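Next, two complexes with subunit A in common: one pairs it with subunit B, the other with subunit C.
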Partner chain A sequence: MVIFSVYVVNKAGGLIYQYDNYVPRAEAEKTFSYPLDLVLKHHDEKVIVSFGQRDGIRVGHAVLSINGADVLGKNTAEGKDILEYLKDSSNYPVSIRFGRARLSSNEKLMLASMFHSLFAIGSQLSPDVGSSGIEMLETDVFKLHCFQTLTGIKFIVLADPRQSGIDALLRKIYENYSDFALKNPFYSLEMPIRCELFDQNLKGSLEIAEKAGNFGAGS
Partner chain B sequence: MTVHNLYIFDRNGSCLYYNEWNRKKQAGISKDEEFKLMYGMLFSIRSFVSKMSPLDMKEGFLTFQTSKYRLHYYETPSGLRFVMNTDLSVPNARETLQHIYSNLYVEYIVKNPVCVLGQSLDSELFSSRLDAFIRALPYYSPRAA
Partner chain C sequence: MSRQSNRTTDSKKMNSELFTLTYGALVTQLCKDYENDEEVNKQLDKMGYNIGVRLIEDFLARSSIGRCQDFRETADVIAKVAFKMYLGTTPSVSNWSPAGDEFSLILENNPLVDFVELPDNHSMLVYSNLLCGVLRGALEMVQMAVDVKFAQDTLRGDNVTEIRMKFIKRIEENLPAGDE
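Let's turn to the complex of A and B:
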């Protein structure tokens, strides 16, 4: 029963705040012998699995480290191209760690803007009058809640699907935003939020919400 | 408690079937554009969800809701996408969509030698059975205009 992360998006669709509360890192480290039975490919400056699945390694997982040394994008820690390195049988046996790739801050910016647009399209395609944008998006692994204020700021929370009390949490985050960001004389509107008090109070609100969520669901 | 409309898309993005029962507001754009926008939105949502997701997903995107309606999504392994908009009181229409696929689409379209897969579904039998099925759903009630 966790809250994964919080995003705050401004009126124009730009990300102004992001906080990862809980990032489950499912990683698998395995020793491989030549030839490698997974097919790897370059994608977005990373090397990911394009075909093949075994022991917790899935399609879409990225290469995180080779022989214990973290990779740098498409190259190993020594600077050699990963795909070339793995084609050479003299480098085997090799121990590779795979896992879900962490989102870079650029990617988070892009995803926040993407959601800003999807929110608006959800409202445009509505079969009923007076619909808001996407307020809740559900998948089998997480639930995304979005609260848009009257001024166009969106507070987005990603949580476990069974977590309750997120609506109250979104209102609380809005309250924290107006208390610790808006009332801060050094904060400019629509700009990235760099206020310590906002961070502290947000973490506090998330802890309260997670505990309250546990009570609500019962055992 | 009502069903607003239903779309069926194939894997290339063309809309194979569309029907509406209780739609109160048109999108303000032509039907073709609306189908493309809907498909594009769903494609983007699926890509967004696969990147954002903190864990590996099995089924992916299921549904989203706004203040007035809820969109249910079901995709078959062959890339056929079923999209249904209902009002907020319907929590989960996944089984309904699965039923539409296995008992209506497969029976009346796939097994029909005259129907060409990939073209819009113009089987009268399919339309009438689907209409009857939707109207018979426990959460469907035609609202008085």
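Let's turn to the complex of A and C:
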């Protein structure tokens, strides 16, 4: 039972804080000999597997590193284009690590803004007046919980679908925000939160929530 | 003065005299810097505003109070919950205007002015103007524009301290989704 990540979105829809607590590291590193039996292609500044599946490497996985050196987008660490590099048989045998591509911070910013706009749909679609925005989004891999304060700040938590006590966790994160971010006079409202104490206390709250599975009163 | 909290972390008690002294030092320094009572009043209001916009989140996080549906509810929450939580005193709500958009908070005791006497050369100084700014800032963050001022002040010879609050309008820009 895990909590994957926490996002905090300000009134205007901008992401002001993001923390990844647990990122499933479904990675596979294998040594390959020429020719490569996986079909790779360029996608969104990354190189991903478009066809071919073996030993934990799946379609959609991105190339994370070659021979131990992390790749930079479409190029190897030395700056050579990855697909060119892998077509050259003299470079083999080569060890490639595949895995789920991590979201870059720009992508996270964009997704947070999108969620902010989508959040309003919840109340607009409502048959009756006075509905809140989207409070929960469920997929088969995770559940997204959202809590909007009366002042317009949104706290978003992505957790395991079976994790309970997220409501209380969201309120606890709100308390942490009002303490360690707002009471810090050097933190300006609506700006990205760069407060160490907030980070520490947030991690603490997440640990408690994960262990207890339920953030009850008195904890 | 203790810090109310519904967490099991240590509840910090601070000497209220230290608070009175701190506030007093602040006001006297402002008087020295600006030398003009009106200007000091304005600065106190500004400072109070900055406190208010942050204090409201702390208040909402700790009290879990929902959105007030009308100004009367707002008045009750301010008097019975907020003032009690932060200053330890519960003012009474009275003098409602016929339209229901103005009311008075009557404070029996104001912790900010323990031991304070206003000298003659500062007759225009509204010593506790910080409180007006705090109320204004806090309500603005929950989309309510209000005008707050002191109608009576024990420091200036009145019997009670009276804060007059007037509802101006609901702030429609940047309403959080779901509150239209």
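As a convention for this text, the second predicted complex is superposed on the first by the 210 of 219 C-alpha atoms of A that agree within 3 Å, B and C clash if a C-alpha of one lies under 4 Å from a C-alpha of the other, contacts with A are read in each partner's own complex, and residues count from 1 in each chain.
Methods note: a contact is a pair of C-beta atoms (placed from the backbone, for glycine too) under 8 Å apart; a residue touches a chain by one contact, two chains touch by 3 or more.
Keep in mind that this is a model prediction, so the values were computed, not measured.
A.B. asks: Putting subunit B and subunit C onto subunit A via the overlay, clash or fit?
C.D. replies: Superposition check on subunit A shows subunit B and subunit C fit without a clash.
A.B. asks: With both complexes superposed on chain A, which partner does A:60 reach: first (subunit B), second (subunit C), both or neither?
C.D. replies: first
A.B. asks: Using the superposition on chain A described above, determine whether A:209 touches subunit B (first), subunit C (second), both, or neither.
C.D. replies: Neither: A:209 stays clear of subunit B and subunit C.
A.B. asks: With the two complexes superposed on chain A, say which partner A:122 touches: subunit B (first), subunit C (second), both, or neither.
C.D. replies: After superposing on A, A:122 lies in contact with both subunit B and subunit C.
A.B. asks: Contact-wise, after the overlay, does A:100 reach subunit B, subunit C, both or neither (first, second, both, neither)?
C.D. replies: first
A.B. asks: Give one of first, second, both or neither to describe whether A:138 is in contact with subunit B, with subunit C, with both, or with none.
C.D. replies: It touches subunit B, and subunit C stays clear.
A.B. asks: Touching A:195, do we find subunit B (first), subunit C (second), both, or neither?
C.D. replies: In the superposed model, A:195 contacts neither subunit B nor subunit C.
A.B. asks: Considering only touches as defined above, state whether A:3 meets subunit B (first), subunit C (second), both or neither.
C.D. replies: Neither: A:3 stays clear of subunit B and subunit C.
A.B. asks: Specify the partner with more touching residues on subunit A, choosing between subunit B and subunit C.
C.D. replies: B
A.B. asks: Given the touch rule stated above, what does A:26 touch, subunit B (first), subunit C (second), both, or neither?
C.D. replies: first
A.B. asks: In Å, how small is the closest CA gap from subunit B to subunit C once the two complexes are overlaid?
C.D. replies: After superposing on chain A, subunit B and subunit C come no closer than 10 Å at C-alpha.
A.B. asks: On subunit A, which stretch or stretches are contacted by subunit B in one complex as well as by subunit C in the other?
C.D. replies: Touching subunit B and subunit C on subunit A: residues 122-123, 130-133.
A.B. asks: What residues of subunit C sit close enough to touch subunit A in their complex?
C.D. replies: For subunit C paired with subunit A, touching residues are 6-8, 53-54, 56-58, 60-62, 64, 66-67, 141-142, 174-180.
A.B. asks: Along subunit A, where are the residues that touch subunit B in the complex?
C.D. replies: 4-5, 22-24, 26, 58, 60, 100, 103, 107, 111, 114-115, 117-118, 121-142, 144, 158
A.B. asks: Can you check the complex and tell me which residues of subunit A touch subunit C?
C.D. replies: Interface residues on subunit A, with respect to subunit C: 11-12, 119-120, 122-123, 130-133, 148-153, 171, 174-175, 177-179, 182-183, 189, 217-219.
A.B. asks: Across the complex, what residues on subunit B touch subunit A?
C.D. replies: Spelled out, the residues of subunit B in touch with subunit A are 4-5, 20, 22-25, 27-28, 34, 37-38, 41, 44-45, 48-69, 71, 85, 87.
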